[in-house]
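Per-chain numbering from 1; labels A, B, C, D, E and F assigned in written order.
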Amino acid sequence: MGKYAEFTAFRQKLNKKILEQGNLEIKRFFALDGQVYQPGVLDGKTKELLGLSASLVLRCDDCISYHIIQAREAGASRAEIFETFGIALLVGGSIVIPHLRRAVDFLEELEHPGPG
Amino acid sequence: MGKYAEFTAFRQKLNKKILEQGNLEIKRFFALDGQVYQPGVLDGKTKELLGLSASLVLRCDDCISYHIIQAREAGASRAEIFETFGIALLVGGSIVIPHLRRAVDFLEELEHPGPG
Amino acid sequence: MGKYAEFTAFRQKLNKKILEQGNLEIKRFFALDGQVYQPGVLDGKTKELLGLSASLVLRCDDCISYHIIQAREAGASRAEIFETFGIALLVGGSIVIPHLRRAVDFLEELEHPGPG
Amino acid sequence: MGKYAEFTAFRQKLNKKILEQGNLEIKRFFALDGQVYQPGVLDGKTKELLGLSASLVLRCDDCISYHIIQAREAGASRAEIFETFGIALLVGGSIVIPHLRRAVDFLEELEHPGPG
Amino acid sequence: MGKYAEFTAFRQKLNKKILEQGNLEIKRFFALDGQVYQPGVLDGKTKELLGLSASLVLRCDDCISYHIIQAREAGASRAEIFETFGIALLVGGSIVIPHLRRAVDFLEELEHPGPG
Amino acid sequence: MGKYAEFTAFRQKLNKKILEQGNLEIKRFFALDGQVYQPGVLDGKTKELLGLSASLVLRCDDCISYHIIQAREAGASRAEIFETFGIALLVGGSIVIPHLRRAVDFLEELEHPGPG
C-alpha cells in the first residue's frame, strides 16, 4: 500500500473512532473544519493553499498531505504549490525543510501512483 | 502617533540598524523575504494572504500587521481578509483569538485613521 | 484603569467587532470555545485548569489571564493554580517563565484590586 | 510487539543511556519531571490530565502516549480523556487532529491489547 | 526608566513573588535554570549564545533580552551576537524578524544607556 | 540500511527534487542555509551547536540529526553535545525529551555504525 492509500485509510478509520465517542464539541469542531474550506469570497483553491501555508509553518505532515490532495483536486498547479512552499519556507525557516521534503515525496506519489 | 505610524516607524528604524551591521546572511535573508511575495504564478494578493495565514497561526502580531497592510494594498477586501482569519482560526485554534482581536483593531485603524 | 479592567474592556470591544463581521465559521468557533469549558464528566474548575495548562505552554498571555479569571471563579485556590503553573513550566521549559511572571502579576491584581 | 510495548521499551532503553552520560542538569530535570506529577493539592489524575492537555497542544506524540498511560492508571475514564481531548482541540486547533488520531489509536491498543 | 532597568526590576520583583509561594518544583526548576549556564566543557559565553539561539527561534523577547545581557557580560562581541542572530533567523524564519528588531533595540540601549 | 544511511539518502534524493523544480526563492534559501554555518567570528563547531540548540527546542528530528553529524565533523565532543542537550532541555521543557531520546539513539549509531 502506497503512502497515499495508507494515509487515507488510517485517517478515515480513526476519524470514525473519534466521532463514535460522541463528544459533542469534538464533533462540531470536525464539522466546522470541513466548512471553513468551502468556496466563499475566496475560491476553494485559494482556501486550500491558505490551509497548506498554515500547515507548513506549523509543520504538521498529515495536514500538509491533506491540503496537497485538496489543492490538487481544486485545480492548483505544481508551480502554485511550490510558490506556496516558498512563502512557508521564508516565514517558517529551515525547520520547514524536512516537511517540504516529505511534502514533495507525497506530491510525487500523488502524481505518479505506483501499481498499488 | 497612531498604531500604524508607530509600527511603521519602529520597523523602518530597526531594519536600518540591523542591515547596517553588515552581516551578509541577514542581509540576504531580508532581500529574499521581499522577493518571495512578488507576483508569480500566484498573484500578489494571494501571496500576501498566504503570508497572513502563516503569520496568524504562528501568532506573530507584527507579521500579521505587515501582511494586512500589504494585502489591502494588493486589493484584498475586508471579507477576503476575514475568510483568511477564519481558516487560520480553525487551523491554529483559540490561541489565535487574541491575535485576531489585535489584527481587527489594526485593520480598523488602517481603514479609519484618526486625525494623527 | 488596572490590568484586569483594561484586558476585559479590550476583549469585549474587539470580540464584538469580530462577530459583527458576520463570518459564519468564526462565529461558530467562538460559540464552541465557550461550550467546551462547560461542566461535563470533568467539573468546570478542572476544565479551566486544563485550559490554563494548555495556554501556558503555548505562551498566550491573554489566554492565561482569561483562564486565571475563570479558574478563580470556578473555585480554584492559589495553590492549585501554582501546581498547574509547575506542570506547565516542566512541560514547556524556561520560555514559560516570562509568562508565569505576567500571570502572577495578573493574579495579584485580581486578588488585590487597586482603588481603580 | 505492539505499539505500547515498543514505546515503553525504546523509552526505557534511551532514558537509561541519557542518564548514564552523567550530565547533572539533565539528571535533575528528569527527576523533577517525575516529581511534578505527584499528588499535591491537585490529585494525581488531574495532574496527568494537565500534562496530557499540555502535550496535546504542543503536539508531542510520545508525551501524549505517556500521559494517557499515566492518566488511565490514575483512574481517568475514557470520557474524561475525551473531554481533555476536546479542550486541547479547541485551544490548539485542527493541527491537533493528527495527534488525536494517533492518541485514540494508542488508547485503543491500551484497552484491547493484542495477543502480543 | 529605560527598557533595561524596567525589564530587570519587573523580573526581580515577580521572580521573588513566584518563589515566595513555596511550590517546590518551581523553585527547583528556577535553580536548575541558573546552573545549566555555568561554565562546563563549554565556556560561559558559548552557553549564553546557545540560550540566545534557542530563545530567538522560540520568539521569547524576555529570554532574548536576558541572554543578550548575560552574553555581553561573558564577553560576547556584537559581531558574535549578530552571527547568532543570523543562524536563528535562518532556522526560525521571517517570524523571528520582529524579535530581532526588539533585540537590536535592547542591545543598543545596553551599549548606550540614556541618562536614566 | 542504518538510520544514518537512510536519513542521508532520503535527504539527498528529495533536496535534488526540490531544487530541480526551479523555484528561485527556494533555491536561494537552500544556498543561504549552507552559508550561515560557515566559520566567521564564531567557529564552525560553535555555529553547529547553535543550530543544534535551535533545532532541539523547535523539536525538528531531521534538523537535530543533521546538526549532530555536522557538529561531530567540526570536532564537537560527546560531552559538549550533551551540554547543548542540557540547555535545550531547560529552555524547551520536557517535550524535548522524546527528541533527546532519538538524538542519543542517532548519535550512538553514528559512533558505532553497524555492519551496514
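Quick notes on this structure:
To be clear about the criterion, a contact is a pair of C-beta atoms (placed from the backbone, for glycine too) under 8 Å apart; a residue touches a chain by one contact, two chains touch by 3 or more.
A quick note: this is a predicted structure, and the numbers were derived from the prediction, not measured.
When the contact pairs of B-C are matched by residue number against D-E, B-F or C-E, more than half turn up again in C-E. Least-squares overlay of CA atoms from chain A onto chain D yields a rotation of 120° to the nearest 5.
In this assembly, A is the chain whose CA centroid lies farthest from the centroid of chain E.
When chain centres are set by their Cα atoms, the one at the greatest distance from chain D is B.
Between B-E and E-F, more C-beta contact pairs join the chains of E-F. Separating the centre of chain C from that of chain F, both taken as means of CA atoms, is a distance of 37 Å. For this pair, chain A with chain B, the centres built from the Cα atoms lie 24 Å apart.
Listed for chain D are residues 25, 29, 32-33, 36, 55, 57-58, 63, 79, 83, 86, 89-92, 94-95, each touching two or more other chains. Chain contacts here are complete: no pair of chains fails to touch.
Within the complex formed with chain A, the residues of chain D that make contact are 59, 78-79, 82-83, 85-86, 89-90, 94-95, 97-98, 100-102, 104-105, 108.
The touching residues of chain B, when paired with chain D in their complex, are 57, 89-96.
Of all residues in chain D, only 32-33, 36-37, 40-42, 46-47, 49-51, 53-58, 63, 77, 79-80, 83-84, 86-88, 90-92 touch chain C in the complex they form. Listed in rising order, the residues of chain E touching chain C in the complex are 10-11, 14-15, 17-18, 21, 23, 25-26, 29-30, 33, 55, 58, 60-63.
Against chain F, the residues of chain B that register as touching in their complex are 24-25, 28-29, 32, 35-36.
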